[in-house]
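Should a chain be cited, it is by its letter among A, B, C and D, assigned in written order, with residues numbered from 1 in that chain.
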Amino acid sequence: MKASIIGTTGYGGAELLRILKNHPEFEISSIHSTRDNLAISDEYPHLIGIMNNQLQKIEPEKISESADIVFLATPSGVSGELAAQFVNKNIKIVDLSGDLRLPASEYKQWYKKDPTSDEVINQAVYGLTEWNRDQVKTSDLISNPGCYPTATLLGLAPVVIEQLIEKDQIIVDAKSGISGAGRSLSRTSSFAEANENFSAYKVNQHQHTPEIEQQLKVWNKEMEAITFTTQLLPITRGIMATSYVKLKESYSTKQLVELYEHTYQQSPFVRVRPVGNYPSVKEVAGSNYCDIGLHVDERTGRMTIISVIDNLMKGAAGQAVQNANLMFGMEETTGLEMSPLYP
Amino acid sequence: MKASIIGTTGYGGAELLRILKNHPEFEISSIHSTRDNLAISDEYPHLIGIMNNQLQKIEPEKISESADIVFLATPSGVSGELAAQFVNKNIKIVDLSGDLRLPASEYKQWYKKDPTSDEVINQAVYGLTEWNRDQVKTSDLISNPGCYPTATLLGLAPVVIEQLIEKDQIIVDAKSGISGAGRSLSRTSSFAEANENFSAYKVNQHQHTPEIEQQLKVWNKEMEAITFTTQLLPITRGIMATSYVKLKESYSTKQLVELYEHTYQQSPFVRVRPVGNYPSVKEVAGSNYCDIGLHVDERTGRMTIISVIDNLMKGAAGQAVQNANLMFGMEETTGLEMSPLYP
Amino acid sequence: MKASIIGTTGYGGAELLRILKNHPEFEISSIHSTRDNLAISDEYPHLIGIMNNQLQKIEPEKISESADIVFLATPSGVSGELAAQFVNKNIKIVDLSGDLRLPASEYKQWYKKDPTSDEVINQAVYGLTEWNRDQVKTSDLISNPGCYPTATLLGLAPVVIEQLIEKDQIIVDAKSGISGAGRSLSRTSSFAEANENFSAYKVNQHQHTPEIEQQLKVWNKEMEAITFTTQLLPITRGIMATSYVKLKESYSTKQLVELYEHTYQQSPFVRVRPVGNYPSVKEVAGSNYCDIGLHVDERTGRMTIISVIDNLMKGAAGQAVQNANLMFGMEETTGLEMSPLYP
Amino acid sequence: MKASIIGTTGYGGAELLRILKNHPEFEISSIHSTRDNLAISDEYPHLIGIMNNQLQKIEPEKISESADIVFLATPSGVSGELAAQFVNKNIKIVDLSGDLRLPASEYKQWYKKDPTSDEVINQAVYGLTEWNRDQVKTSDLISNPGCYPTATLLGLAPVVIEQLIEKDQIIVDAKSGISGAGRSLSRTSSFAEANENFSAYKVNQHQHTPEIEQQLKVWNKEMEAITFTTQLLPITRGIMATSYVKLKESYSTKQLVELYEHTYQQSPFVRVRPVGNYPSVKEVAGSNYCDIGLHVDERTGRMTIISVIDNLMKGAAGQAVQNANLMFGMEETTGLEMSPLYP
């Protein structure tokens, strides 16, 4: 299968290159960027000798004719427009941006950008693979989940679906490595200011909030607004979502670990940790895993859920390929079985 | 005034040396360690040419005779015993460990160690300076607060005291730099495993939990158990406590920022950030400040409180000296006016 | 082919697991450690669900009977003894330690440990793959090069072999990430002391010095002692060797880049950078590449050679597998084609 | 004494604020930037409550009338022009840029910028304090040394002056923390690319090369061109210069350590380490020290010199204040006695 990548010079694009280069079924047929006429190895010297493809102009018509699938690794605000040009063109599409995740009106409110048409948005299947496999398999347009929502939702799903928690007491304290901010330059992501530092941003205003809430309501329509905080870790890759939920009744940690194990037993990329064991972000670095650890505090009746992913893998390019695998009828693990890089 | 330090080779001890070296009123009269007969500059080469004192044996009798104040920078489980040997000996004592912070029975439960006698514990004044100035001034035995409790309590105090929040919905997601784990070697604090990593530990079981709850109840006896999570940041210094509280009634961020500003207007080391501005840990590094930022989420009726300190300064040695200053009738800022080291 | 690993809990062992797990020809048949009766995923939680093998006792006799190859990822001082028990036993051996790299007398002088017998040492082929392919292919006992020597020697080889440089003016300023120090705990490799730091160690006394000099003399018997400095970088993985050589005659950077390109054109893991382009350690992280950049300073007649590797890959486990591939008649790149993890 | 700072928003400017805030003799009378009408604490929130001065326009005439000394923390290419407007105006000047360090012609060649007039350049005294105290004391215009030259020259001075080394065999392998690149944004100094990385830049072409060579020739006019490499450490602050020199005759490390101790015995900020002890960059962080360690390799007749500084302190703002102290007849240590921030 031939795959094209648009937005190749960003970190999500670069991670797609890393995965697809060794994928047994996909072949990178073309790479695209607003900065064309440049070899990708000039932009990313770590690719010298591995991949010397030239970046090409973004011409949807031409790409549709030559590729079987296109990955949109372009920023929010750009992807939606591109997706609209690819739909119904005999090419499958996976969009890594936030442009197809929310209804147009809500998008506008949280992203402060013009949305693409609801028509396109409505065609898109939300690619949280573990929970939407059947729809993903038959869709041609996938809206790949955000990095924070992926970690958060995989951690919350079992207790939300089983209706074990109070509907208005979910608090998510999320932390991300700096690659999550993308490759454009900013003061906050400059080394001297981010290093030896830890800071909160967009407090209660992050655009991933409605994406999480929307999916929670899909699972249980009574769920209410969540409290969601995002913070910047002085590391390159990795997200931890520490979620706090109030249990309606009393359960032991063991019981809930068993529920999670049961829920995810057919999901090769979700690893539920045994009682007393909590995942750290480095334990999934470079891999497509989402690891989850739990603890019930009997003193308060709350459960702490710790879920970690590599934001560029399960939080972006990895899950995008996981979805693409399913779209073409392959095993979802195809080309994604790399172990975490530890230490 | 002559100051002795016991437990000088740990990070808290080293930070006391840094502060006291330039303090206009205290003079370091002797330094002590179980590893005596060693120059401190052999242990800490950054002190070569600054301080060449020899480490001496820990002889409380002798120290009481020659010093006006002793700082116990010894570990929990050791400090209590030492404190007992110094009380009622015409020497002032500041204990940086957890040994004098909890009633004996509760100490045993959370620290899993033998407590010192309740008699000594009861003599100790809890040195959260901003809230206990009067008692500190007249006390000879200070139990210096833990690093996490300092950040957390300064952040929660105004709304707890004013009874603005629900008594059973406090969640504190706390993160600490690795120096907080002390200087003894461990896998978790080895570079290759802590670097590019972020991990939770002692989930719902950290020994600082009862210390926080005890003080909350001092302020408002109805307060109930909190949810408290501790996590390890890949930085050397710094703590952020992100606290979530449920407001009983509706307030704007602005109203609560004004409450905090008012509350701390006589507290030179607490800096309340203006609306929309959140502190990062690097902005207090090397200084004795505790910076606090707030945000009310109207969607959920919860407030997010972000408070940061340098765990070795306001979270340990800095606050210890702040208390010592008051014990001798000085301005609390004496010798503590260093600006944060930024970047 | 069945592979056993001894010394699996160290970083070199863990990296062998990462590689061999996805290797198309080798199967991990058993893993061994002095700490047996433990699942490897208990020691390394990042392997949960990937590999749940139990660590077993180190029984050479038994291993020889069941495996086709054994990797000794044991420390210097241990490996030599083990190697002696495996030789001439119908099993191939790759030793990652320093025990088989030097004649016994020199080993004793630099390693301050008892050497294994010269008889075993003499059987071993020095596995600097790019320069010893033919010998590696026919050997059953490989002494895998040190991490510093690999980076240094690949950088120096072309000009030493072509006799373009002065024999007594080689200076190598080398820097390594902290995983190079192994997994045992030490003050120098604790996070709080290594982080935001950079330090030199074993100045002019590093045990890799004679290993480098020995190979230089193989290439050109007139070469004399080198100046070699080792320094600790606050990163987990990566080595840069910055080498300074004095050219006998005047050459342009371009001429020497061409010499290097020519020399390594059949070496898929050595990437010579174009004029003006210098490799950084992150550009090879997680991969088996050695990247080399050059610059001739016309003002001084010296050339600066910058060579980088991932110390756990090309500097240890990666090169070990590269050698193992050749020992079994495979392509040297088999199972080693992962791209660098960037960023 | 009243001090004005121009270029206050850069890291050198911010470090001047940190020092001067607590300086007993200088008072910050005004701060200036091309970005005026902004409170410095808006730009640097760590200064909230410490310093709320407004940034003002850069008006040399006005500044000259109100201040006793002006610090130019402006970039190379800007400082020279400013200095020209301040000379002969009854105000003392310390320029932290490279604009006054080289003759105009050489400046143009290495900095690729237009030089200021040789007339101004010639008035400037090179402020390598330890070696130019007498001139500094009587000068009104100081050209503050570069960060790399400070570390390098203090390390080389004794053996160059005593003529103990070969004139054409000095190699300096220098490494700097990222704050050395200044505060403007760039790919190389973005966190995701600099973190877990180490890279060389401007190989053999760094503009500090002629500055070092010029001073070496002042000490010994026979000295020839040096080999000088600059590399980027993934830390915020700190420089290590590892220098290699060829001894003309045989000396022990001990003899040379004694020479260095003797040379610097009147220099409170230079700490010569005992035999076998090498400084690390963290051991001077936040302080004005330059620490030096030495080792003679008898095998090669070369000495390795390791010198470290904090690039923002002894490499910029600290040395600037050290010079300013002397210009006003104070002790050079005034206001600079802060201990290193360790760990």
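One rule holds in what follows: a residue touches a chain if its C-beta (ideal position, glycine included) is under 8 Å from a C-beta of that chain, and two chains touch if they have at least 3 such contacts.
A quick map from chain label to UniProt name: A, B, C, D = N-acetyl-gamma-glutamyl-phosphate reductase.
Here the structure is a predicted model, which is why all the values come from computation and not from measurement.
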Pair joined by more contacting C-beta pairs (C-D or B-C): C-D
Longest centre-to-centre distance from chain B, chain (CA-based): C
Euclidean distance of C-alpha centroids - chain C vs chain D, Å: 38
Euclidean distance of C-alpha centroids - chain B vs chain D, Å: 36
Chain centre separation (chain B, chain C; CA means) in Å: 46
Shared-contact residues (touching 2 or more other chains) in chain C: 11, 179, 192, 195-196, 234-237, 279-280, 282, 285, 343
Residue ranges of chain D in contact with chain A within the complex: 11, 177-179, 183, 185-187, 189-192, 194-196, 234-236
Chain C-touching residues of chain D, taken from the complex the two chains share: 168-169, 171, 173, 175, 192-193, 195-201, 203-204, 224-227, 229, 231, 233-238, 240, 242, 244, 278-282, 285, 293, 295, 297, 299-300, 302, 304, 306, 343
Complex contacts: residues of chain A adjacent to chain C: 11, 14, 17-18, 21-22, 44-50, 179, 195-196, 236-237, 268, 271, 273, 277, 279-280, 282-287, 289, 291, 337-343
